Amino acid sequence: MIETTPRERIEVLVDAPLAPRLAELAETAGITGHTLLRTESGRGRHGEWSEDLLSGATAKYVFLTIASPERADAFLKALVPLLESHGLVVLRSTVDVIRPDRF
Amino acid sequence: MDQLTSTLLSAPVLFFALGVFAAAARSDLSIPETIAKGMSLYLMAAIGLKGGVEVAKAGVGPELLSALAVGLVLSAVIPFLVAPALAKIGGLDRTNTGAVAAHYGSVSVVTFVTASQVYGDTGFAIAGFMVAVLAMMETPAILSGLFLARRESGKLFSRELLREVFFNGSVVLLLGSFTIGMVIGEDGFEPISPLFRAGFTGVLCLFLLDMGLIAMRRILKTRSLTLRLASLAVLFPIVNGTLGVLAGTFIGLDTPSAAALGILSASASYIAVPAAMRMSLPQADAGLYLAMSLGVTFPFNIVLGIPLFRWMAETARAMT
Amino acid sequence: MDQLTSTLLSAPVLFFALGVFAAAARSDLSIPETIAKGMSLYLMAAIGLKGGVEVAKAGVGPELLSALAVGLVLSAVIPFLVAPALAKIGGLDRTNTGAVAAHYGSVSVVTFVTASQVYGDTGFAIAGFMVAVLAMMETPAILSGLFLARRESGKLFSRELLREVFFNGSVVLLLGSFTIGMVIGEDGFEPISPLFRAGFTGVLCLFLLDMGLIAMRRILKTRSLTLRLASLAVLFPIVNGTLGVLAGTFIGLDTPSAAALGILSASASYIAVPAAMRMSLPQADAGLYLAMSLGVTFPFNIVLGIPLFRWMAETARAMT
Amino acid sequence: MIETTPRERIEVLVDAPLAPRLAELAETAGITGHTLLRTESGRGRHGEWSEDLLSGATAKYVFLTIASPERADAFLKALVPLLESHGLVVLRSTVDVIRPDRF
Amino acid sequence: MIETTPRERIEVLVDAPLAPRLAELAETAGITGHTLLRTESGRGRHGEWSEDLLSGATAKYVFLTIASPERADAFLKALVPLLESHGLVVLRSTVDVIRPDRF
Amino acid sequence: MDQLTSTLLSAPVLFFALGVFAAAARSDLSIPETIAKGMSLYLMAAIGLKGGVEVAKAGVGPELLSALAVGLVLSAVIPFLVAPALAKIGGLDRTNTGAVAAHYGSVSVVTFVTASQVYGDTGFAIAGFMVAVLAMMETPAILSGLFLARRESGKLFSRELLREVFFNGSVVLLLGSFTIGMVIGEDGFEPISPLFRAGFTGVLCLFLLDMGLIAMRRILKTRSLTLRLASLAVLFPIVNGTLGVLAGTFIGLDTPSAAALGILSASASYIAVPAAMRMSLPQADAGLYLAMSLGVTFPFNIVLGIPLFRWMAETARAMT
């Protein structure tokens, strides 16, 4: 069996224009890597949205980052003030990674 | 009312109506986002080039400077004019008031483009330099809107925001192709005129088809557009447009350009401003400002505003 | 056989062949999905507009109504004609029989567009109103196919399905731009004709390049297309096309329009129907119906069907 | 450390034309929010597919929804009859969320 | 409650031109199904990238596959030699699936 | 230097400059990827068609064969010429040396297209068959680059790689539409010329706008481009381009075609080769080779290389 190490997986659903802000917060928390996944549309308490390239205003991405528990904590703490104002959905779980020193 | 009929029965407006109809009938007709984005870039490049080429040909007098100044003032001031109505009549909180107000101070490129097409087809030609005024009016309203929303909280403007205001994609593309048009002139424009001049009205048709779909779908899925706010979204273009026509006439613009300044003042942004608001005022309700600017004001201007401000400009001219 | 050569050596058909070749050679050439979707919307708007403008110019007699009626009947009835062969010869179960049958009752817009281009280039002009027949034949077959698949189970048609049938994107766009063409007429069409008329054949070339790639790749990765089913996919267009030509001649259509009714009957849908089947008969094998309609029938019609049905219509006319 | 609460994460790979149906089923199960993620292509027992905007027939989305265990159960139960006919791939796991009342 | 069975979820962030290679490796490991998810952009130790259709050289996909633990192990083992050279990010976690025989 | 001014003030080059400016000002202006891909496919189809039509009209003599042979040799050999400089001066390891070298042996379609536009506008017309040389030079360099990178390790070329070399999308599209152009000739080209000829320069403008954005953004976010490597990225086009002009003059090409062979040799790939390198040499630094070819060499060629190689070809001709 390949040796794997547990790390934290943080996923944040975020408005496209705000994604760079998240990358900055992650970097401040010591996390240097992330990946943005593309979404199509969604529905929540504030109604529906869908990808919208014309203004980019209603498009969203999933911001995915893998980090050590300490850095994940620091990142989440930095996110808390934005949760309500930015309508973020934040998910946290554990994954096994192969080269743990990267994250 | 001949003007009204000729507007209503022009191909671009009919395609817009087709989009509205298809969305209302819940048809699955849709134009991919990237195609729409591509068409909107094309329209901006084309209108910029054509304006620049015309300025290269006709030259500009002092009216360019006064038009730019008046445009700047209108974009910056209109948010303050509409804000009280949004708060008192519309019942919006400060954040949403600022966000919506910014949209009305700014302009809609496609409304301008449609007007210049419809006017031009009947020999009522807007001056080329009005494209520069269009670009000028895009972003000052963003600052006014943010000031309205945040005047009591601490920091007002971030560095990214100022970059957004000065180097916003639409502004750069409009002014950039305007400048290119001035540099290359009529001769240099000739090899690219099949794409940018001959193809123009056709692309506008397809783009307005998409705008009709988007505008109607906005209305259908909005949750926050009250009757009062919808009425304001009709009232604002009338008031702001009148203001624009009068200002244009007052500073001595030719009649079509005064009408165009009316169109610009009446129109509300749905590209540059929503993105800036999403970034700077994320708590504001995007569904609301898009429903007002795209769902109500945009159709109003395309269908009724275009003939209305022409009539107004002609009347104002006749009276001076 | 001069007709055949001139079809085979026309630019659109050569681009189709290039696509087929590239896919067969496993080249990585590919056209982005959104661009292909954009081109297909453009082609539908253009063919609709041109048809409408022509009707505005030429007027329509009673043949429009009879053509519409015959088109409706052909679209609804063809699924019942092909179903027994699909079940007995092709060995398909009821669900797949219904799904495939629906594709053959419906029509391929691009086959029609290519035919009208290739015919038109040699002075064999399809009447403008055939665009309305094209739109009419798009969706009735969906209901027939579902009836075939579900006739014994309980509820047949959902509300979404009926909306899909009546307000399907292609139908709305074709009929909408047809109507716009009638309203604006030749004069109103003039400013948009550089995009919609001059650019038409070129876009068709690029679109057929993509269709060649898609059709061949479909064939290469299909797992369920047996030799028997592939043979049916060649037989069906011949039989249905003959039926269409005869019906067209019988109701007194001009020769090119009778050939066009043959093309419509022979062609199989690959846009409206697959999406409807995926929604209403998800158990049916999408790989199969796309391989048959796109991979076999579409190339057959583009290369051989177009000259064949012209020849048939001319022969039928000569005999009456 | 930020306080988080476990919730169920349901992911369903679904044909694009059927995604609205899933949203309805989720809503019936009391789940009001979801997000659709974009896919590029895939391979399974029924062969390959890839994004296909022309007909939309072979495109797929990942339907992602976060819900309480009860609602997740109700949603999965509603999905069972569609599993075979609609060729769904259904995944369930646990994630930690920050504002549990939303889900 | 619906009966579910645990399976391994492997996610690999991979350069677009290399995705077919991964599918082959998965197939060699006895895994027949996978799905590619679309990404938008990302940042890591080697700088930023974003979707790039012109050359396709810098685009990435998330390669997602569900498999039994044994097959997952075999697949990961096959990936190890590529980890450094191909700059892969590999994640492994457990999910519950409904029709376990498929995977 | 009149040539230089007329290049610099042509619409395509000005749009390129606008893109560079917008990216440098960190504007959010951007063109969707799919639109850019669509435009690049269009440009390849158009240049192929136009070349083929011209060959159909003018016929080809033996110079086609010698031009093809010289092009093949240049593409295969240039990687070996630049490799020592990359390793010794640039300090690159073997893998990166091979990867970068492959880019310089191959060609940039858009550089060629821009040159043929700019030259053609001033009556300095490149022969149609040079499109075949362009296609010929696309991929041999890939094999040379891989040989440089792997000459000591075991297996050199996989099956997919050879398919990539022979049936690469750009190669197939260029040669395919070149062949179609030869088959249809001037007459068959006429119906598609509004799209492929009239629209050409305009599309090139928009595409170069995007290339300006991409090139500048590449430079801004590169981490591995040292000053030495950047200097090589300017030196290589000068040396390789001189080689190309001389070779072209030597085998007796007409002056514009000799200049074009210079442009081809000077240009570096940013479509076919990066994708092949990502697949075959994943350890190589994509940020580096894209920064050199797209960020430095491409702008150099567009702005300075085009007038330079014309001047060189004219001088070489004058001396023979």
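Letters A, B, C, D, E and F name the chains as they come in the text, with residue numbers starting at 1 for each one.
Methods note: a residue touches a chain if its C-beta (ideal position, glycine included) is under 8 Å from a C-beta of that chain, and two chains touch if they have at least 3 such contacts.
Keep in mind that this is a model prediction, so the values were computed, not measured.
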Those chains which touch subunit F and also touch subunit A: B, E
Steps needed, at minimum, to go from subunit B to subunit D via contacts: 2
Geometric centre distance via CA averages, subunit B-subunit A, whole Å: 35
Rounded Å distance between subunit D and subunit F, as computed from the means of their C-alpha atoms: 46
For subunit D, residues that touch 2 or more chains besides their own: 37-38, 53, 93
Sites on subunit F at which at least two other chains make contact: 32-35, 37-38, 194, 198-199, 275
Complete list of chain pairs which touch one another: A-B, A-D, A-E, B-C, B-F, C-D, C-F, D-E, E-F
Subunit C-facing residues of subunit D, complex: 15-18, 21, 46-49, 51-58, 82, 84-87
Contacting residues of subunit E [partner subunit A, same complex]: 11, 13, 37-45, 60, 62, 73, 76-77, 79-80, 83, 89-93
Residue numbers on subunit F that touch subunit B, as the complex places them: 9-11, 14-15, 18, 21-22, 25-35, 38, 121, 194, 198-199, 201-203, 205-206, 209
Residues of subunit F that touch subunit C when the two form their complex: 33-35, 37-38, 41-42, 45, 163-164, 166-169, 172-173, 176-177, 180, 183-184, 188-189, 191-196, 198-199, 275
Of subunit C, residues touching subunit D in the complex: 33-34, 36-37, 40, 214, 221-223, 270-272, 274-275, 277-279, 282-283, 285-287, 290
